[in-house]
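Next up: some structures, all given as structure tokens.
Heads up, the next two complexes both have chain A, just with different partners, chain B and then chain C.
This part shows the complex of A and B:
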């Protein structure tokens, strides 16, 4: 097959994928930027001269940097501890270490309010223990938001650094030790430099997430202004031009971080030369051996507490919990209501079906994208690579606002379809948010495949379809399953874009939780949250089961 | 190979089945009437049941959200309106929606029973309830005799750091109270400065501006703060329905009375049913139900006084409506709130 014919064949797949991504990712966000100039520079001047917006921008940056520092402070030592040190309880701790990532954003924030809020369980507990007549702290302002961010986002640092440490060859460290380098010298001159790309990459990821974070400032900002909530406030006041400017500023900041992240990722591949072998050291000193499990238990409790709190409130009788440390009365009513009122099933079903639709779309589009990125050479490769990573940087609020202002009418000339107010707008938003997760995971799997395998299959006369099915698909499978799992987990509890786009007919669980909270039905809201956590668990189990089934099927095929 | 093919077939059929079920679910058997309203689940589901009992072929779906959220939603859904009827929000917001072309006119059968200033001259909206603003307090922590009796009592040093305020920018009630304070200042001195000074002192008393009513209720019930300014029906509901220990006093010197209104949404999918619902929730009987169960004071003046529940008659004696210059409010309220937001909020802390 000639080079030219090959490229032509590639375009057959590349064009639709590129068009879909341009249409759903770039177009809505471009129209936001265009919208910000609708009245010339007026909206921009308004933004620059508004003390509240400047304050919001400053607070956003402070919170993002604070979240990065806090996440590194928690995630880095934990990663070292769990990959490098053997101690009793290590397995349990590493099992729950990523738990915060599975807590849907709104649920996590509400759980924190119940735990550490001024009248929360932990707060009142400490108050009672110390005999104070005032709460020892308030969960308010920037500190509170950074606290919540640290809890959910340290997972990024932990995962990146753990992966880096797993790949790091401990023999390097041993060699340095053999040459007489002290422990701190080795840490400074061997381990940390090799980990720099992983640490920097995860820091940028935390920065991007914190920049666009919405639920924490929304629920207990307590009058604190950040850009993501300011966007919603401007939209509420009908100041769309200003909302577009705020969105543009936020997205540009995040995209800058993304570009840096990509740069660091490229550097990371240079750093890895061998597969690495990890040797866990055992603790020698007796005190350390005694302290490690205790510290481990405390960490596990802190990590599990928000989940436990949600479950507890789901069984508390609404309205009875006022000044006590723990809810005084318990009941099954909240779940009974959920089981018997068929109106309450609608949001659950909506979330499940919209997640399924979005995930299937993600799988199809991202499998093709990853295939094109890894195994095909064509001129627009860089564009595709940028497009699949872009939704990572664009905050959920911006994605929601972009879709809302683009697909609000049908216009053939403008390539617009009326989706606002229909069922399909939310699956579309979930699809867009899932693209980077599925494509990067799939790409990772495909990179581990020897590219000559595909050529070999084609050379032996296999059709494109057969090659795809028998070579490419099996090679991309682990990443595809993992990425689809992450995308489905994100979609089923999605809150930020949903709040901009949902309608009564397709309201997802997160919106139902918000509306139950609005009605002061904390128990019902918590019961819904438990359902959501159960769904996340179910998705994880399905992914594991699919992975297991597939690998077994594979074994049969190979035999 | 066969195993994998079966797996793929299973997966595909599962997805297809879920899509089909999803489609069926959205294909309703009854006509769906969508109501956007901030009035809360209790009142809404009460009317929902009554209306559906009278019209078995109609499925009323009430979407409960804040007044300001509703106008935002109507704006973004302008090309494809999802709501049929908009039930509840201060008239100021309806006024703006009317100007933006979001409402459809309707002349209700009881139009003559409403005072001229409580409806739109072009029939775009009509007043339904009168909502007095009151001072709420946690009744476990504050005795009735110690509770503030008037606006100025809230500034007493003993309440410093004990006042909770719902974020005033997003709240119709709070905007009304702040507006009334500024209007009082303009009436007395000709400038808003005295009003701003009052709000600054209130800011110094305030512990927190809560994002939404729920957090306000929770914090008030759990004694994170003891005093708040809010509307009467919501505080009464909090006490009766959710057993939060909250009571209220009606400010002695006078209080703003908000006119809460109703309107048809322009471009609605079911205008005829929407009109039926409009008439239904504003009928004498429905208004009496709302008064008895949900502490709503009807705007309609043709309801015989002796059929109204005793609390309304008592409240009517206690409530001294603050004179509100609506034209001035409409012209300047945004500007005042903007000034408050950038110069007064959190300035005393």
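This part shows the complex of A and C:
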């Protein structure tokens, strides 16, 4: 096939993918930027002269940087410990290390409230233990938000760095040792530089997530203002111009960070041979051997506690838990109500169906996008690469507001469809938020495939479709499954965009939890949280099953 | 070897990955200063594991590594500083060629200007002058091999270890590179232990060759010694080509029977062989030749196969008793199907159990 004919064929796929992404990602956000200038510079002046907005901007940045530092401080050592060192309890710790990521953002925040809040179990426990009059701490302000962020977001650092460490060619480390390099010199000069893409990538992810984080500031903020909560406040006050400006500032800041870190990441990317095999060293010193399991147990408890707390409260009788350390009365009522009251079933069914729709869309669009990005050459490649990464940087609140202001009426000339107030607006939002997760994971898998495999298959006379099905799809499978799993987990517990877009009819579980909390129905809220955790678990199991089913194909394609 | 104390001693080195079988089973080897020793063997014979135990990457389950009389078995690799050259070179992808070569000096805290000038020198020594600023990714396979060598040599290792250093090169490059390798190591007087599965590489580079099979050391000696005086059948079969013919040993004579005729050849028996009794003669293709018809001590046979191999032709000749003799000859006008006469042209022949 000639080069030109090849490019023509590529456009057949590239064009629809580009159009979908331009329409759902770029258009809504562009209309927000346009909207911020609707009254000339008035909204911008209003923003610049508002001390609360300036303070919100400053606080947002402080919290984001603090979250990155805290997540790296926890995730990096833990990744090294679990991939490089063999000690008793390592397997259990590995198993629970990623647990916080499985906790939907709102549920995590609720669990922290139950645990470390003013009337939380740990707080009351410490208070009782020390015989204090007051709670030993209060869970609000920037510190509390960074604390919650570190708990949920260190997982990104942990996962990226662990994967990087596992891919690292161990002979590089051995070569350095053989040349006389000490352990710390090797770490500084070989291991960490080679892990830079992984570390930078995860820092990027934490920064973006913290920048757009809504649940923690919304619940723990107290008097503290951050941009994401300001946007919702401005919208509720009807100050749409100001909301657009705040959204633009937040999104532009995040996109600037994305571009910066992408550039940095690209400068430091190497093809690392996949020959590495992880060798875990045993702990040599006796004290380290004795301390490791204890430290491991403490970590496991800290990691499991939020889940355990949510489960515990789900069995607490609503209204009985007031000043005691632990809820005094337990009952199945909360779940019984959930099972029998069909009204309470609605949010669960909503979340499941909307997640399924969004995830299927993500899989189709992102598989094509990753295929085009890795294995095809065409002129608009850079645009596609930008479009799939963009929703990463754009905070959920901004995505929500963009969709709300774009799909609020049907207009053929404006390429607008009325979706606000309908069921479909939330699956669309979930789809957009899932795009970067699925496409980057799939891209990662495809990049590990030897590109000559596709040529080889075509050279053997396989049709495009057969090549796609037998070579490209199996090679992209691990990333596709992992990415789709992450997207589905994010969608099923989605809260940030939902709070901007939901209606009574399509309210997802997260909104139901919030409304139950507002009614002080802690038990019911916790029961919904348990359902959410169960759904996350189910998604994980489905992903595992899908992976197992296809693993033989993978073994052939990726040596 | 010379009477001087050996530089490096492997004393009954043993490594087990499973209970059932030792990957390396009590391997003992002495290497003199400035000597080039090749460890050869099939895949899975334990040669790389042996090398990794010498380097300190693998901790032996038994035995010791002794350097200049000092037991270094428990020293970590960074304290041994043997500067290994890896099969895939293990060049640091994030560093330039110059930074790679200077790495060992950087680890020792040598000042930047000095280490870069010494790296430039080392690169010039392997024929890569002015390559300091280049990226690793821009190097060809042969260049990468030379950078890896320069990187290992710059730290002046007490023993240079090389793990299949030539296996990633194409045949032409491989031949020239191994000559370069030998002359560089000779020039610098480096002591080296290198692992290869290719006996040609081993013969071309090493002073002595150690043959491993299934974790055990079968024989150590010069290439010629292994070829002409194999210690047992396995060595005879692994090193070079040969036809093994059963016979009866009697002191320095072996009687073999091919067809009707009993022939007596001068024998060079393996050391641990009883001086009398059944034994096996190792007939090398280059120790056999064509003879005039009905020549003395010659066997008649029919040419089964003729293969052109450049300077020589390789023939397979079927003689009586279903034995195929392999022989190398410069004679070209013999064709498959021809009846020929074959005799032993070089004696004594090696005899193994």
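Just so it is clear, the second predicted complex is superposed on the first by the 507 of 559 C-alpha atoms of A that agree within 3 Å, B and C clash if a C-alpha of one lies under 4 Å from a C-alpha of the other, contacts with A are read in each partner's own complex, and residues count from 1 in each chain.
In this text, a residue touches a chain if its C-beta (ideal position, glycine included) is under 8 Å from a C-beta of that chain, and two chains touch if they have at least 3 such contacts.
Small disclaimer: the values here were computed from a predicted structure and weren't measured.
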* Who does A:172 touch here: chain B (first), chain C (second), both, or neither? -> second
* Once the structures are superposed on A, label A:418 by its partner contacts, choosing first (chain B), second (chain C), both or neither. => first
* Pick one for A:51: touches chain B only (first), chain C only (second), both, or neither. => first
* Counting only touches as set out at the top, which of chain B and chain C does A:180 meet: first, second, both, neither? -> second
* Report for A:463: first if it touches chain B alone, second if chain C alone, otherwise both or neither. => neither
* **Per-residue contact with chain A, leading partner among chain C and chain B** => B
* Asked: With the two structures laid over each other on chain A, which partner does A:193 touch: chain B (first), chain C (second), both, or neither?
  -> second
* Contacts of A:233 with chain B and chain C, given as first, second, both or neither -> first
* To do: Over in the complex, which chain A residues touch chain C? Could you list them?
  => 169, 171-172, 174-183, 185, 189-190, 193-194, 196, 268, 270-273, 275
* To do: In the complex, go through chain C and note every residue touching chain A.
  => 55-57, 76-84, 86, 88, 90-94, 103-104, 106-108, 137, 151-152, 155, 161
* Asked: How about chain B: which of its residues touch chain A in the complex?
  -> 1, 3-4, 7, 15, 18-19, 21-22, 25-26, 32, 34, 40-41, 61, 63-65, 68-69, 71-72, 75-82, 96, 140, 167, 169-170, 208-215, 217-219, 221-224, 238, 242-245, 341-342, 345-346
* **chain A to chain B touching residues, read off their complex** => 50-52, 118-119, 135, 140, 218-223, 233, 235-238, 318-323, 346, 349, 352-353, 356-357, 360, 404-405, 408-409, 418, 420-423, 503-505, 515, 517-522, 549-550, 553-554, 556-557
